[in-house]
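Below is one structure, written out as structure tokens; comments come after it.
Chains here go by letter, A, B, C and D, matching the order in which they are written, and residues are numbered from 1 within each.
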Amino acid sequence: MKRSSWKEYQKEIADDRYYYARSCIRQNFFPGSETTFLRIMREALGKDIFDDPRHTSCTGIGYHSDIVPLDTTMAVVARQFALATEAGYENIAVSCITSFGLYTEILETWHEFPETEARARENLFKATGREFVIPKNIAHTSDLVFHNREKIEELAVRRLVDARTGEPLRIVEHIGCHYAKIFPKSGIGGSEFPYVLAGMVEQWGGSVVDYPERRHCCGFGFRNYLVQANRGFSIANSRKKLESMAPYKPDMIVANCPGCAMFLDKWQYALAEMENSTYGADGRGIPVLTYEEMAGLVLGYDPWEMGMQMHQVDVEPVLERLGVKYDPAAKFLGRAGKYIGAPGEAAVNSFSGDRIYRIRQ
Amino acid sequence: MAEMTFYSGFVIPFIVGTSVLFAVILYKYMRWMVRLPREDKRLVRRGVFSRATAEAIWESVAECLLHRRIWKVNPLLGYMHTAFALGWFLLIVVGWAETAAYLGGRLVPLQGHIFFKYFTTSLDHAPRWGVDFEAVMDLLLLYVLSGLALALFKRIRSRALGMRRTTRLTFGDRVALTSLWFVFPMRLLAESATSGIYGSGGFLTGSLGGALVSTMPAASMASFETAAWWGYSVALGVFFVSMPFSRYMHIFTEVPLIFLRRWGLRSGETEKSFDHFQIEACSRCGVCIDPCQMQRDAGVTNVQAAYFIRDRRYGKLTREVADNCLMCGRCEGRCPVGIGVNALRLNSRHSLNGTPADGRYDYVKGLDTSTGSRVFEGAGCEIGYSMKQGRVGFYAGCMTLLSPRILKAMEVIFAAAGEDVWWADRNGGVCCGRPLKLSGDVEAARDMMRFNEGLFRRHGITVLVTSCPICLRVFREDYALEGIEVLHHSEYFERLLSEGRIALSASDDGGLLAYHDPCELGRGCGIYNAPRNLLHAVADLVEPTETRENALCCGSSIANIHLPGAGQLAIGRAVGSAFEATGATEIVTACPLCKKALTRGTDLPVSDLAEVVERHLKVAR
Amino acid sequence: MKRVIVIGGGPAGMQAAVALKAAGLEPVIVERSDALGGKLRDWHNLFPSATPAREVLDGLRKAVEMARVEVLLHTEVEGLTPDGSKPSVEVALAGGHAVQLSGGRKLEAAAVVVASGFDVFDASLKEEYGYRIYDNVFTTVDVERMLNEGGVALADGSAPRRVAFVHCVGSRDEKVNQKHCSKVCCVTAVKQAMEMRALFPEADIYNFYMDIRMFGPGYEELYQRAQQESRVNFIRGRVSEASPTIDGRIQIKAEDTLVGRPMKMSVDMLVLAVGMKAGSSCEKFARTADAALSPNGFLAPADLFSGCVASGVPGVFYAGAATAPKTIGESLAEGSMAACWVVEYLDTLAK
Amino acid sequence: MGAINFGYTVSAARAIDLDRNDLGPARQIAAEMPEFAACIACGGCTATCTAGALTNFNFRMVQTLVRRGEYAGAWREMNKCMLCGKCRLVCPRGINTRGVVRLIKRKLGDY
């Protein structure tokens, strides 16, 4: 089963002119990633991508937690489409995997059951007076980066290799469940062998770690995390993945889903606190990056500008390995050079205890 | 006579051997006696001045000297043992008398008696007190030597002495045995040499001495004499030193064992000091090996009583040896020393396997699955059963529950007798506890026993009938069931028959029944006749060669927790063919487990007694 | 001599005899009962196609009649040698065979085909299942008979509301010295469960199994139909005990091993899927012919692959369930095959 | 570590992990009693079990778990057994079930 199966499923990805649908939680946890995405698309690749302040949550979290009914969700999604239509965009780039899954699911439902589409149109019109045209193309933003991976490689200032040895970095890629597990045809490589992140990693010189629990869920699972009583199950699943990948000594994890990146990152901290176990080679955890951050580093962007100081597991080991020049003292300085506060010491913070920050403070 | 110093260099081995022997034996006995538990000591104090002591003295003579029980096993074997024991004993006693007869009241050291011939060459050996001591002593020596010849013969052909197999020896045994074999031939040579030189001696030593002198130069004859006495003394010394560490420890230990046993001491559920007397009284004669079906049919040759006791004595007992035994009791019945090996095995199992009860059966608390037409719910137990005189309870036991034919037969018979029965465990109950006890888990077993006792009392029964001999035995031996009569169903049927509550019709189909004695019922509870009487009433009965007290075990005994299925089957088949050889058309037994085991072992139909009784019930009473 | 003795007039024997006759030999069927057909006479419909057993039987009988095969009924073969002693190989090689028949008769032949079949396991040996103790415990053989007699019913004539089948009764059970798998009982029990469904549309039907072994063509499909269309419940657990209930039903106990909990249920009718035991005469034939027996008591073929109808003794051949549990179809195939081997053997002798 | 109360703990994994489980004791048990491996999981033992009728005790399941290297609580479970021997009488594979109970208690338990 060597590599080729991971490339088999391909899907159509529009080349330009996107309506951008942001994620709810990414803006909290990885606030720089979406900005980085826009920067890559606009500055590096010169694409037209419309960032619309009027769009809302897709209700995905509420929908998957059985709080928001399907009709409501359909009306909300229809409104996003209407906004895109009004703005003159036919293609939608979705930042969140759950939103992406939900849009795909709803379009598929409308296709199979046209009466639901009619109802959604009616509800939307009654509530807002808006109308929409079904988008021509829906892609996840990681699809877009994948789509442009060769162009990015041309612009790259570095490759995903150890700056000292030239060895490719060992990278664990994690795909959100809703990317292709609902509709295999909606993801590059399908549901079993998704290639979207692997394609980027391989294009940019890294090596992908193939480990037993590669396809397993990160553990978020909505209700499993949102209800405290179930949270033990959520973290157990993350641990299962981490235990499974640890023997491969990965340099980093890259994820394309807001929840996954967050849980694989934050649960490492919780596990260190609860069980005193960490999974990185140095006992400090495995850094978790978003694919935008990974692309940004390849393009030579400043890590702190990309918001990488917001990660629970410190990213400095990856930066060191890639040979990224960064100012350690500037880590917790915000935009205007104002100190934004450093986290308390933890097993997964290999650098935050550094004196320099204290001095600056 | 002044020159009689009774000392020569060669006596040293003998003196050393004797001292070691008596020191070790005394040390052992003192230690064991001191460590006896308080109740045992009380028994000893009470027994010493009772009739039991006199009985013990007689038993000691009968068993330790005359070996009465071994004579019963095989006369040749008996002769061999008696020749050694009685012969040697008489050599010592008569030797003592000889010394006294010739030397009067003079104090003679021990070696003076033993090596009398050597030290008293200056005496004239004319008969004294009207006894020709030289002839008598020669006769006794010849007697012992004849026993020795038989022993040598037994090593080569044990079958002739009624034993198909003999025990394998330990190192200590080998040393002791070899030295023992040398003792009497050396004595013969030594005494003959001295007799030859000094022209004395009886018909044996005198004539052999004469022959020696005539064939040997005088100088070599003198050194031959010295060498022979040295050899004799060394053989004695080595034998005495090795004796307490070998199986020959039994020679002495059997005596205290007989006394203690007469005074009422027994081995119990847990190991205790008295066990030492039993263990070291085992001579490993091997009489226990031949009857063992494990050896005979299942090919297991390291677990028999003699080996079990040997391993336990030397601290080498393994679980396998302790566990891999049917505890059928066939060997115990034949032990010439009367060692209670099953009790020893049980307390070994307790030491090896017992675990704390730990409330592990707490789940049975408050359970009651019993059924019956009138379940009694009394305020107080005592009032309860005095009010309900004659109330019969039936406890099927786990195994009967797997034999619906027995259950159904019981039901029919109870109905025919008009008995209003309380069924203790028809819908499943709590095990009687015997299997657990047999596996060594005594404390845990007690939990179950207490539970069932409570259940029986609560329902105010006065007669407890069971179809399972395993349950029967534990009810009788371990349950506190005062006021409740415990009956095996065979005894109960017999009673119903004699009271005229049921009647049986003889069959005329020409069927020939053979009865299999379950171990727990026969050797366990002494019930042999009740089932036979019932069977006699309905058909002709034949007996297999080994029956009643010697009956074979079915092979599936609950007491063996180690034997794999193939071994059980092999024994079952052997028993099956023993029954087939009787020409019987049907095997009847009185134990559900035996029934299952025999059904596998033969093609003959196998029934429980209850089924046969049911089949022959005269319906109109 | 052209005579070939065929021991046993069941499907395998009849098929062998017809094929031998067609090859120009003179088969004689020696049958101990009063008619040809063997146990096929007792069966109702055959799995998996529900072909009436009568159809197959009539076809075979007709073929035997048409071929004018000599049949000796009420005749038992006492041994494969004239006096029950060990055979002389020389005689066998010379093409002379003589078998000892009941009544002191002797019959000579050039070859012998042993098609003596199997015995049905005696379910009363599994006492804990209550066969011949409780009225409403039957075997699959009883059910076939009842179906042939026109109806399945409880002892009191009423219709069962709940029926349970117990698989592996007298098969795969060292407690009754039957370690082998009888192979046909699974599919028989499934077939009968479906027949029960047809008879009693409202009844609950349960099959208790250890493993379901559906090895033949169409068997697995039959199993699925039993589950889906006939609504037969399959419970993976061996029944360990059967006891009577107060209302005259039978309570059975098993472990539902897939759930991991003991279970019990009361049924009106308990059907024991009895296994196939080595035929009672196998031992006798093996002894007198100096042939080998398998550990399970069936006759052992010379070779399991290329010589499944050969005995290893010259001139003696096997067909059907004398060597192992077999289906009707397999027995018929072996009947033909044994005939082929006889012909080849006699040809070789003639050369 | 562990100073923080998260209000929940990591759920134990339910999967039987044959890579992680130490199969040594299971192999030792099988070596001492080879018939231990002959079980076909028919459940006859559990169905007839005297103790199992009175409490939650499943001999078949516990011994299967032991064979998979899942030893936690096995000997405590086996302690519920009354050693009555009914299971041995119904086992179609002739396994010395009582011996298995004892062996598991000895290898994994308290003596």
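Couple of notes before you dig in:
Here is the rule we use: a residue touches a chain if its C-beta (ideal position, glycine included) is under 8 Å from a C-beta of that chain, and two chains touch if they have at least 3 such contacts.
From a predicted model like this one, the values you see are computed outputs, not experimental measurements.
By count of C-beta pairs in contact, C-D exceeds the other of the chain pairs A-D and C-D. Note on chain placement: the centre of chain A and the centre of chain B lie 83 Å apart, centres being C-alpha means.
Chain centres here are Cα averages; for chain A and chain D they lie 45 Å apart. Separation between the centroids of chain A and chain C, computed from CA atoms only, is 67 Å. Once the centre of each chain is set as its mean CA position, chain C and chain D turn out to be 39 Å apart. Counting partner chains per residue, chain B has residues 401-402, 565, 569, 596 touching two or more of them.
Counting partner chains per residue, chain C has residues 128, 174-175, 241 touching two or more of them.
Residue positions of chain D touching 2 or more other chains, listed in rising order: 48, 53, 89-90, 94. Per the contact rule defined earlier, chains pair up in contact as A-D, B-C, B-D, C-D. Those residues of chain A lying in contact with chain D across their complex are 228-229, 231-233, 235-236, 239-240, 270-276, 347.
The residues of chain D lying in touch with chain A in their complex are 1-4, 6-13. The part of chain D that touches chain B in the complex is made up of residues 33, 35, 48, 50-51, 53-55, 79-80, 82-86, 89-90, 94-96, 98-99, 102, 105-106, 109-111. By the touch criterion stated above, chain D contacts chain C in their complex at residues 40-49, 52-53, 58, 60-61, 89-94.
Residue ranges on chain C touching chain D, taken from their complex, read 128, 168, 172-175, 210-211, 236-241, 253-257, 260-263.
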